[in-house]
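Next up: the structures, one after another.
What follows is a pair of complexes built around chain A, which joins chain B in one and chain C in the other.
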Partner chain A sequence: MTPRPGREEDPDRLYTLTSGRSRPVSDAFDLVTLVVAECDPVPGMQSEHAAILRICRRPTAVVELAADLGLPVGITQVLLCDLLDTGRISARHPRTVRTAAQLPDPEILEQVLVGLRNL
Partner chain B sequence: MTAQTALPRPRTGRLRIPARPREQRAPLAYLARALAAPLVVTIPVAVWLIVAAPGSLRAPAAAGAAAGILALVVAVAVAAQERWRARRLAGQLDALRAEAERFADELLPAAVRRITAGETVDRVLTAVREPLTGPQRRMLALIADRVGSSESRRAAAMAVGANAAGRMQALATGMLADLRQMEHRHTDPAVLHDLLHLDHRTAQAGRLADSIAVLTGARSGRRWAKPIRMESILRGAMGRIAGYQRVRLHSTSEVAVVGHAAEGVMHALAELMDNAANFSPPTAEVHVYVEEVPAGSVITVEDSGLVMGEVALRRAQSAVAAGSGDLTGLSGTRLGLTVVGRLALKHGLTISFRPSARGGTGAVMMIPQELLTVPRPGMDAGPDAEPLLPPEVPATAPSVPAPAETPDPDEEARHTAPELGESGLPKRRRGQTLSAAGHDGPGHDRPAARPSAGSAGHGTAAERAARFSTFRSAVHGTTPAAPAPAPDHESPASAPGADRDEHNATAPSPESDAR
Partner chain C sequence: MDYATSDPGLVPGPPGPRAPLDASADNGLKIVITGGFGVGKTTMVRSVSEIRPLNTEETMTQAGAAVDDLAGVGTKSSTTVAFDFGRISVNARTVLYLFGAPGQERFWFLWDRLFSGTLGAVVLVDTRRLDDSWYAIDRLEHHGTPFVVARNDFGGPKHSEEQVRDALSLADGVPLVDCDARSRQSSKDVLITLVQHLQTLSAAHPRAREMTAP
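Let's turn to the complex of A and B:
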């Protein structure tokens, strides 16, 4: 821990970012939901919203967004819900069906594990 | 103890006016002057009377004249003596009055001032050179003693308050930092909710400690090492009051407040916001506007609550204006405006109050230009650092076939998400960091590997490649200009054998360093 805690961080507390909300109103977002911006940031927007819109010019996973913003995932989800409600972003889940069908044989995975341990 | 014993130069004061002192007898010269005029008149008249009188009446006339002159002399002498004494007493009274006035107007205030400034009572008393009467000296001693003891009591109370406030501040700051860490650590929404609640409470406690620290003259608590953006200033202030959910911010300002003044500005703003929220209905909103003017930035906190009358406005203004004053007028429950006044004086802020167009009161704070700065992009690792990163990546990687003009979702998804091999596991392209480290010419697949993910604090792909290049040349003893591209597209799942071990033993795992 740094000798001067809090010296480097920002003064705004997390609850002021979301007006005290800590859980998203919808469950549209989980950790790997891909988010795409539908518009550009406008002046006067909350800076986190603007940052999300900038990062999400390319599809970005929620967890990556949270890491980029330096915010907890829960707070990020609340912010994303706000943007989703106003239609500024769209969200979709990564295609899990195809990857689930293509999961390799457990034996191969085991061999990989053994090989990795031998490294 | 009589008056005389304590006197350095005994003086007959007003206490002893009834007892007539001996030396108050008119000098002979004064008497002679007083007697001269009547004698000069009466003696020739008497001589003329005696000469003009018939012979038989001369003796009685002479006797009568002598008696008359004698009576006149006595009367005049007595009158002159009394007049002389009255004059003298009047002079003494004047001197005494002047001395008392000097004592009350100069000596006593000077002594009190020196004691208040920190000198000991004894030193101040012995330093008084002026002659004093006994009562004056006793009065001075009493007052000096009382002032000295109250001054030391005040100083002790202030020191205790300042010390306690400083510790409270440190505790609150530490707790806020801890809470921030916990908020990042716990993903359960219920836990996060509780943590945010605690965070809010702690921030309010911290503000109270800050207020006491300001009032007791302790040094300000937190110091920010970097300029703080206006949005963070407003939100930092807002987060320290109970009714923060009623505060609406309207700011497009891009300026930042310099680090050493940011805490004071935030604290003063928080007090103004708290006032606005407390003196308006519990459902009414408090609106905060930021406007940039040539002299600085103007922040207006407007509520729609009670309209402050002329008197109340003037009182608020004077509470804010009396920044350097002592705590005499402090009422105990209304610390806010006094705190704002202190902070305004310290940082050169200008605070004024006016009726608000929203129906309530507006508090206007002017932050002077010398406390403002324009934040450098990427000054902090916050959200504003982001524009430096991903959108420009295609320009630095010229061999990416389809730049941003044709947004193919799958292609873009592969830039941000790990790409999947045939096995369904995430797969890295082999040698990409190695080749980027080798030389920076074109022809490599994607030298900037996943530039958007998590690179905010670690520089660009080129920097990583440069670091790896240094590492590699140090290990191999070769120059980085001889890249050894490994065979491409080797599936990680298909080669878990011993040759891979050997390979990794000689070439120190470029993949593991790529991250």
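Let's turn to the complex of A and C:
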């Protein structure tokens, strides 16, 4: 895929947002970890942090946040780590296994099946 | 894309601002819809999603690019892949995210980072271009991700199920179904087939199931 126009300018801005960090220090956030704000934005807060706190007044998946912020997933995860470290958000992690050899909980599969049939 | 109007199950996706999740939502699940370019991945996501599909991207940084020599990007410092997604609220606590993931080679270097813990995958195939799907199937097998294959009906020549299975070297246990990705009902049926397949696998491997117990 050829880079989109303007893409070349992006890295500088992204590095500024995260003080040079391109990857989160831990795998604390899955794509579908649901993030919940534990406080309101305060004046002087980095605008992306404030936006996350506003969006996450209701549980919001990491991937939805990334789409709303217009930021790559990895950068969004770095911003979330900042907020988690300072207790401004909490994270509801997926209750599924992360290794390939293990199959999902039958109870969860049953819930999904019921949910799909009710669509 | 044109939508037929005779099928009441056809919906272009909900309009307006998207509804927030239930305040009690605490468990996110993933299903990946993959396949070749233009095979209907986003269309299928749109057909069943409760929100208008969103788009985001992830960047493969230098460390990842170094192993991506086959795709000819080994000298780049980063590569970006974009993907679409939608969601289905299963119940007040559980929400299922559907990801439309491109089937190109370089995408698979991001698979573990993005899609570890995925319940399973749908490989959407266009029978006029079966070759586009082969790589996705190979990679899913490599990652040990359970999947079903869905033939999206583009009105091409009808191949027998056996012909398609042969062409894709599909293992006997892998379900192969026909679908119309534009139809909500049809796309829903594909997802139900996948979940039933997962149940079958789960029942056949009780030990794997025990290992998942908390």
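The rule is short, and it goes like this: the second predicted complex is superposed on the first by the 81 of 119 C-alpha atoms of A that agree within 3 Å, B and C clash if a C-alpha of one lies under 4 Å from a C-alpha of the other, contacts with A are read in each partner's own complex, and residues count from 1 in each chain.
Note that in this section contacts are C-beta pairs under 8 Å (C-beta built on N, C-alpha and C of every residue); 3 or more make two chains touch, one makes a residue touch a chain.
Values in this document were obtained by computation on a predicted structure and should not be read as measured data.
**Q** Contact-wise, after the overlay, does A:Leu17 reach chain B, chain C, both or neither (first, second, both, neither)?
**A** First partner only.
**Q** Considering only touches as defined above, state whether A:Gln111 meets chain B (first), chain C (second), both or neither.
**A** both
**Q** Please work out whether A:Thr33 is in contact with chain B alone, chain C alone, both, or neither, and reply first, second, both or neither.
**A** second
**Q** Which partner chains sit in contact with A:Arg58 here, chain B, chain C, both or neither? Use first/second/both/neither.
**A** Both partners.
**Q** Report for A:Leu103: first if it touches chain B alone, second if chain C alone, otherwise both or neither.
**A** In the superposition, A:Leu103 contacts both chain B and chain C.
**Q** Can you list the residues of chain A that meet both chain B and chain C?
**A** Common to the two interfaces on chain A: residues 7, 11, 22-23, 34, 57-61, 64, 67-68, 72-74, 94, 99, 102-104, 108-109, 111-112, 114-116, 119.
**Q** What does chain C use to touch chain A in their complex?
**A** Checking each residue of chain C against chain A gives 20-23, 25-30, 48, 54-59, 61, 78-81, 85, 87-91, 94-97, 99, 104, 114-117, 119, 143-146, 184, 188, 191-192, 195-196, 198-199, 201-203, 205, 208-209, 211-213.
**Q** Please output the residues of chain A touching chain C within their complex, sorted ascending.
**A** Spelled out, the residues of chain A in touch with chain C are 1, 3, 7, 11, 22-23, 30-34, 57-61, 63-64, 66-68, 72-74, 92, 94-106, 108-117, 119.
**Q** Could you pull out which chain B residues touch chain A in their complex?
**A** Of all residues in chain B, those touching chain A are 173-174, 176-178, 180, 183-184, 187, 189-190, 192-193, 196, 199-200, 203, 222-226, 228-229, 231-233, 235-236, 238-239, 244-245, 250-252, 262, 266, 380-384, 386-387, 390-391, 404, 407, 409, 412-413, 415-417, 420, 422-425, 452-454, 456, 492-493, 496-497, 500-501, 504.
**Q** Inside the complex, what are the residues of chain A that reach chain B?
**A** Contact set of chain A toward chain B: 5-17, 19-20, 22-23, 34, 36, 43-44, 46-48, 50-51, 54-55, 57-61, 64, 67-70, 72-75, 94, 99, 102-104, 108-109, 111-112, 114-116, 118-119.
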